[in-house]
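Per-chain numbering from 1; labels A, B, C, D and E assigned in written order.
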Amino acid sequence: MLAIEKLQVAYGKVQALWDVTLGVPDREIVALVGANGAGKTTLLKTVSGLLRRQSGSITFDGKHIEEASPPEIVKQGVVHVPEGRKLFPELTVIDNLLMGAYTISQSERPQRLERVFSVFPVLQERQKQIAGTLSGGEQQMVAIGRGMMAGPKLLMLDEPSLGLAPLLVEEVFGVITEINRLGVTVLLVEQNTQHALTLAHRGFVMELGRIALSGSGVDLLANSNVRKAYLGL
Amino acid sequence: MALLAVKGLTKYFGGLRAVHDLSFDVQTGEILGLIGPNGAGKTTAFNLIAGFIHPTRGEILLDGESIAGMKPYAVTRKGIARTFQIVKPFRKLSVLENVTLAAFLRFPSRGEAESQARQVLERMGLESKISALAVDLTLSEQKRLEIARALATQPKLLLLDEPMGGLNATEIEQASLLVRDICKGGVTIIWVEHVLKAIMNSSNRVVVINQGEKIADAPPEQIVENPDVIAAYLGTKKR
Amino acid sequence: METFVQSIVSGILTGSLYAMIGVGLTVIFGVMRIINMAHGDMVMFGMYGAFLSITFLKIDPFLSIILWIPIAFLIGVLIYRFLLKNIVPAGELNTLLYTAGLSLFIANLVLLIATGDYRTIKLKYAIMPLRPFGIAVPIPLAIAFGMAILITVALYWFLVRTDTGRAIRATSQEPEAAALMGVNVDRTAIITFALGTALACAAGVLLAPSLYLYPTVGEILVAKCFVIVVLGGLGSVPGAIAGGLLLGVVESLGAVYVSVPYKDAIGFVIFLLVLLFRPSGLFGVGKS
Amino acid sequence: MKKIVIALSLILLFTAPLIVSAPFFVHLMIMVLMWTVLGASWNILGGFTGQVSFGHATFLGAGAYTTMILYLKLGIAPWYGIPIGGLVAALIALPIGFICFRLRGPYFALSTLAVAEIIRLVALNWESLTNGPVGLLITTLPDVTFRGRSIDWENKIPFYYIIAIITLGSIVATYIMSRTRLGAYSLAIREDIDSAEAIGINTVQARVAALSLSAFFAGVAGGFYAMYLRYIDPDAVFSIALSIEMVFIAVVGGLTTVAGPLIGAIVLVAFGEIFREIFLVHFKLVGHLIFYGLMMMIVIRYLPEGIWGRLRLRFGSQH
Amino acid sequence: MRKSLILVMAVLFLTLMAIPSFAQDTLKIGAPQPMTGPDAPFGSKFQKAYNLALEEINAKGGVKGKKIEVIIEDHQAKNPLAATVTEKLITQYKVLALTGGRASGQAVEIASVAHRLKTPYLVDHPSADIITSKGFEWVFRNNPTGSIYPQAFNKFISEIPGAMPKSASVVYDNTVFGKTIANSAMVFLKSKNVPIVNDEAYPVNTLDFKPLMTKVKAQNPDFLLMVAVSTTDAILLTRQAKEMGVAPRAFVGFGGGFGVADIATELGPLSENLFSSAAWSGNPNDPATKAFYKKFFEKYNFYPKEHEVEGYAAIYILADALKRAKLTGKLEENREAIRQALLKTDMVTVFGKVKFGNYKGPLGDQYTNQNIYSPDHSVLAQWRGGKLLNVYPKSNAEIDVVFPDPTVKR
């Protein structure tokens, strides 16, 4: 569904991605793991059009999207839930969600909202609350819900468990599985490697701007190389 | 006596508990690794020690003297220097000027400060870049520049906030050597890092924090066996 | 007691117009980080607009607002597109000086065309004030107040209820995330600037019957605008409304109970205190 | 090469009124130099520390009033009054600095604006000291003998040399600042205030020091203003417009440069005169400020680093 | 970069073209005025008045066979610029004499420069006392000083039985002008033991006087004295005083703001019986004034007031001096000759009689070259049916005074 080939990206003079090739098959959860600064976020930002590549190609459903603007990419069905949630802190929950549906016609919105509320019942209760006053976990749910409002074919989640207590982490991962069951393809960037890989159909390990390892989630988990890449043993 | 002693350090941001009842010591000559998952409170702990934020509760003692609540410049004058996670060089100034500025703290005359700065830059392997503007350096060079700048204040204790973040494998190797070298030169180091390989290889001791609290404090080889640490890092297995 | 009530009423009447001008400035700042020194000149545009309507078109100035809001919006689009767009990345100080130049340019262009003569708008129905409960309420200001409330409510509705409005608020809070939602940030900037201009112009139309107008009238309003916007928190719309009303009331009470010559100083002292102790403004939501 | 340029500039500075002796041009040169000092003063704070002040007229006004009041009420001659005016301005800068430097960025800028307005209103209403809106006027200056000859204060030449020396002082001070610790610290603060703190710089103290130095020169220029123009009133010397003009001179000339303010002042005064001459006197149209505004916009748009700043980049000079 | 270079070149080129191209054989008078900036409206008023006077004089062959020319420069209401343009007019354009100035702050700079550079300066409108009380022997003033403005009012309350206020509120703009007039009026009232219940200075161009009037109303003054240099302020003061229900026996306005036709058109019935104590209100019965009004209206399509009359008169006074002065070829001598001629001026203009002399003002200042008829120019007028009619002193009166104000319910 999403195919990235030989992607090179740089911030000014600093090269961030080297020859990254990666594919996300339809209806799967793909986990992208790796240390801080390995280039995971850069990759997502490039796919969503916030950053421009130097070379390489990105295709979505067979169409080239390297040159498209962020709004165009959203309309194609690729939605990026950024790291640190990036909610609109002074907007209410419902307004945040409606912002997610910015590219969607008015008539379809109630239906979308309903779907988000069915996944996150707590957001229905809190829809009038100002987003900045929610707890971390709730904010993450708003962020994911906001992403879902655009009706994505591919949802890219950047560190959804970041800064959450273990119980909430559980919940978020549960939600991700559920979203996937609803037919949405998920590209998941995580530091919580074990958890992410358990969940994912397929995983890629990034290191220093390159894809270091890839394989099915289960295989990678069993792979002692992964442990080595992380704990230095 | 420990060079630095942190006792019951606590910081709340509004209702958010960033650091809670954190206590640890650093002995002179040590490299202490400080690790923990994102959002665990490592940078907050650094900011508290360096005076950038003031603790809600708790004590920070340097050589037995309390430095909690001091302004950052005063802390630096006492002998604690730091680097930043996201580099903050003086972008439009030359590399030499960046470091000279820091050297002014101990050498009020420009001549002496400059020669001190040149020495430090040489140790950091930046002598060839001396007249370049900081903004034109690579990330790895900028990280080294920050360390050089910190060292030029002649600290007893150096706080490194993710010096390896964003570096490639060879650069990480070089940086590890550099850190050990600095320590040999008589500077005690507290080091926050995500590149665990490096920290495990170089530290004398590692403190692990999670959600603002200390969960382990031991030599590296014990840390990697610690089930709490593994859980904090890799996440608990889905049951 | 009557004195007190009268001061409060007068303060609120004037404050409602301050608020409208402030809201325009604050949305522009929120989305584009432009401190627009030419904002007062947009008010001046509106005042001349009202004058033109009654003098040449024989349209009641308050009615003519329907005509001038879209025109001002268009002017805003043109100014942003051709004069401001490229300067914004140069930083706040340069943008500020640039708009100061723009202000000189606009005011003196009007001076050349319209000459410096003072102009007035005479309304037959507005000579004696209303006197509900013995409190004097001048008719032009009362109408202006009512319309200012209508316009502000309409604007509020626009910002809260419509997609574009929501996009404007979202962009001012998290531009990158807004882009990820599919918002065209560039277009939002144009709309916002045009909207701010239209608001300033509308305030001018409403002020015109209560004031004299001349090309450099904008100057006396600019400093007040800043006070209002900072009082409410840079970028906050409810803040600017509250800031405007607060400034109106403080000036009014200060003039009565402290001293007329120092009434402007009171505004600035409060301004300074807010800056020092609550730099995010009285209504800013915890953004540092 | 550089030394020759400096020597030539100095010679030019001190012989200019002998070469161009028409009194009007001497007057214009005096105004240019006065604006240079004001631009240099703003540059010391705004250029070096990056702290944008919109209230620098405060210091000009403080200097002007000090000089004037000392002369009119205590009979202290202006040549003592001018430096004292500078000192008073520097002293006033201390509390302003300690209050306003708690704020950063646009908030600092707006706070200076507020302080300036408050001080203007105080000057306007404290009649026993300032004579309120009526202002203060001096009609004659006291006798001074220089090398056995009495100085003719009705002539512009003595004023020219006084302001030339003050200008030289401000430029030398800027140069020295760029070479010393305070200057270096200021640049560090401008570049990154957190890093500056981290390397042991007391940033509040350094900024207050820069502000005081800056205020000193604005105050001295104010003292000169009072003595040369002989009349001051609060709206004239404490106005926001005056503060903005100082910013404009510094920015147009080139921030952080030593020669920038001089270039900025020349451009500002010259264009003001030229545009008035062309449009008002020649074509009898009130269009000169349209073009002045347009010129401001064009300069900021195409030369954001300032005229001297751009030339300096091109020729690789340091100052 | 390239664009700005082109602009600079274009400007330089234009400058070269613009090198003064004045006719050589005219008699030049310089007039610094605010042509731009906040005071721009006044600059254009004076420009119109000067032009009318010049047309008339030059149509009759000018003075000594030469035409008179007025060079207007723009000081933008900025003091340093006023000094600069004065220097320029005197030394570059080599004018024989100066007039204009508009606001007192700038006029003080002009007077100071003119005095130093020994060029006669005829003040036509600025009224700050210091302009003629600092011994500037090159400075002459036709119009009254600020402290003379309330003279007619002072006479009125002293001479009409029962008119002496029992209490008075005084509000004035915080300018040299407002302050001087208010001081002068208050000094007089205090000497008559009238309590001043409000003494309020307000900033020029205040948008809202309601708070101030609320405060005044609370004192319930017997007389309300208002000083306004700006017409906006005068209109808003009167309107809002009445709107707030301030109810004195008399509303008395001082200063240019209260003498303009806009008062009647703007305020309508609210202007009825409002007093205006002014330096000059023009006697419409005088044929010269009538003729001037007519000519002015024909040319500009509006009736002149104080400013236009002052500007127009100034040109005639200078023309008269030029006529009498013995002009040689040398500029310095010519200027001295004009000064001498001005010292001997004794004529009548539309503004009234002119003769310059030294005497003591109402506040004790020693005036130099101040029109000795200034105190007599002061008249008390009253707005009646949309017209400003002189009511006091009797010799100048067009109609009987209405006092106390019957429209006010106390």
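What to note about this one:
Rule of thumb we're sticking to: a contact is a pair of C-beta atoms (placed from the backbone, for glycine too) under 8 Å apart; a residue touches a chain by one contact, two chains touch by 3 or more.
What you are looking at is a predicted structure, and each value in this text was computed from that prediction instead of being measured.
Path length between chain A and chain D in the touching-chain graph (shortest route): 2. Common neighbours of chain A and chain B, by the contact definition above: there are none. Ranking every chain by how far its Cα centroid lies from the centroid of chain A, the top place goes to E.
Centre-to-centre spacing of chain A and chain E amounts to 74 Å, using the average Cα coordinate of each chain. For the pair chain B and chain D, the distance between C-alpha centroids works out to 44 Å. Inter-chain centre distance (chain B to chain C, centres taken as mean C-alpha positions): 49 Å. Between chain C and chain E the centroid-to-centroid distance comes to 35 Å (mean Cα coordinates, whole Å). Shared contact sites, meaning residues of chain E that touch two or more other chains, fall at 35-37, 40, 174, 201.
Of all residues in chain D, those touching 2 or more other chains are 124-125, 286, 288-289, 295, listed in ascending order. Every pair of chains that touch is listed here: A-B, A-C, B-D, C-D, C-E, D-E. Interface residues of chain E, counted against chain D in their complex, comprise 1, 3-4, 7, 11, 14-15, 17-18, 20-21, 35-37, 40, 71-74, 76, 78-81, 83-85, 87-88, 91-92, 105, 108-109, 112, 115-117, 128, 130, 134-136, 174-176, 178-180, 201.
Residues of chain D that touch chain C in their complex: 52, 99, 102-103, 105-107, 110-111, 113-115, 117-118, 121-122, 124-125, 240, 244, 247-248, 251, 285-290, 292-297, 300-301, 304. Residues of chain A that touch chain B in their complex: 13-14, 35-37, 159, 161-163, 165-166, 169-170, 173, 191-196, 198-199, 207-209, 230-233. Partner chain E is touched in their complex by these residues of chain D: 22-24, 27-28, 31, 124-125, 132-135, 137, 139, 154, 225, 229-233, 235-236, 241, 271-278, 280-282, 286, 288-289, 295, 298-299, 302-303, 310. Residues of chain B that touch chain A in their complex: 37-39, 136, 138-139, 162, 165-169, 194-201, 211, 224, 230, 233-238.
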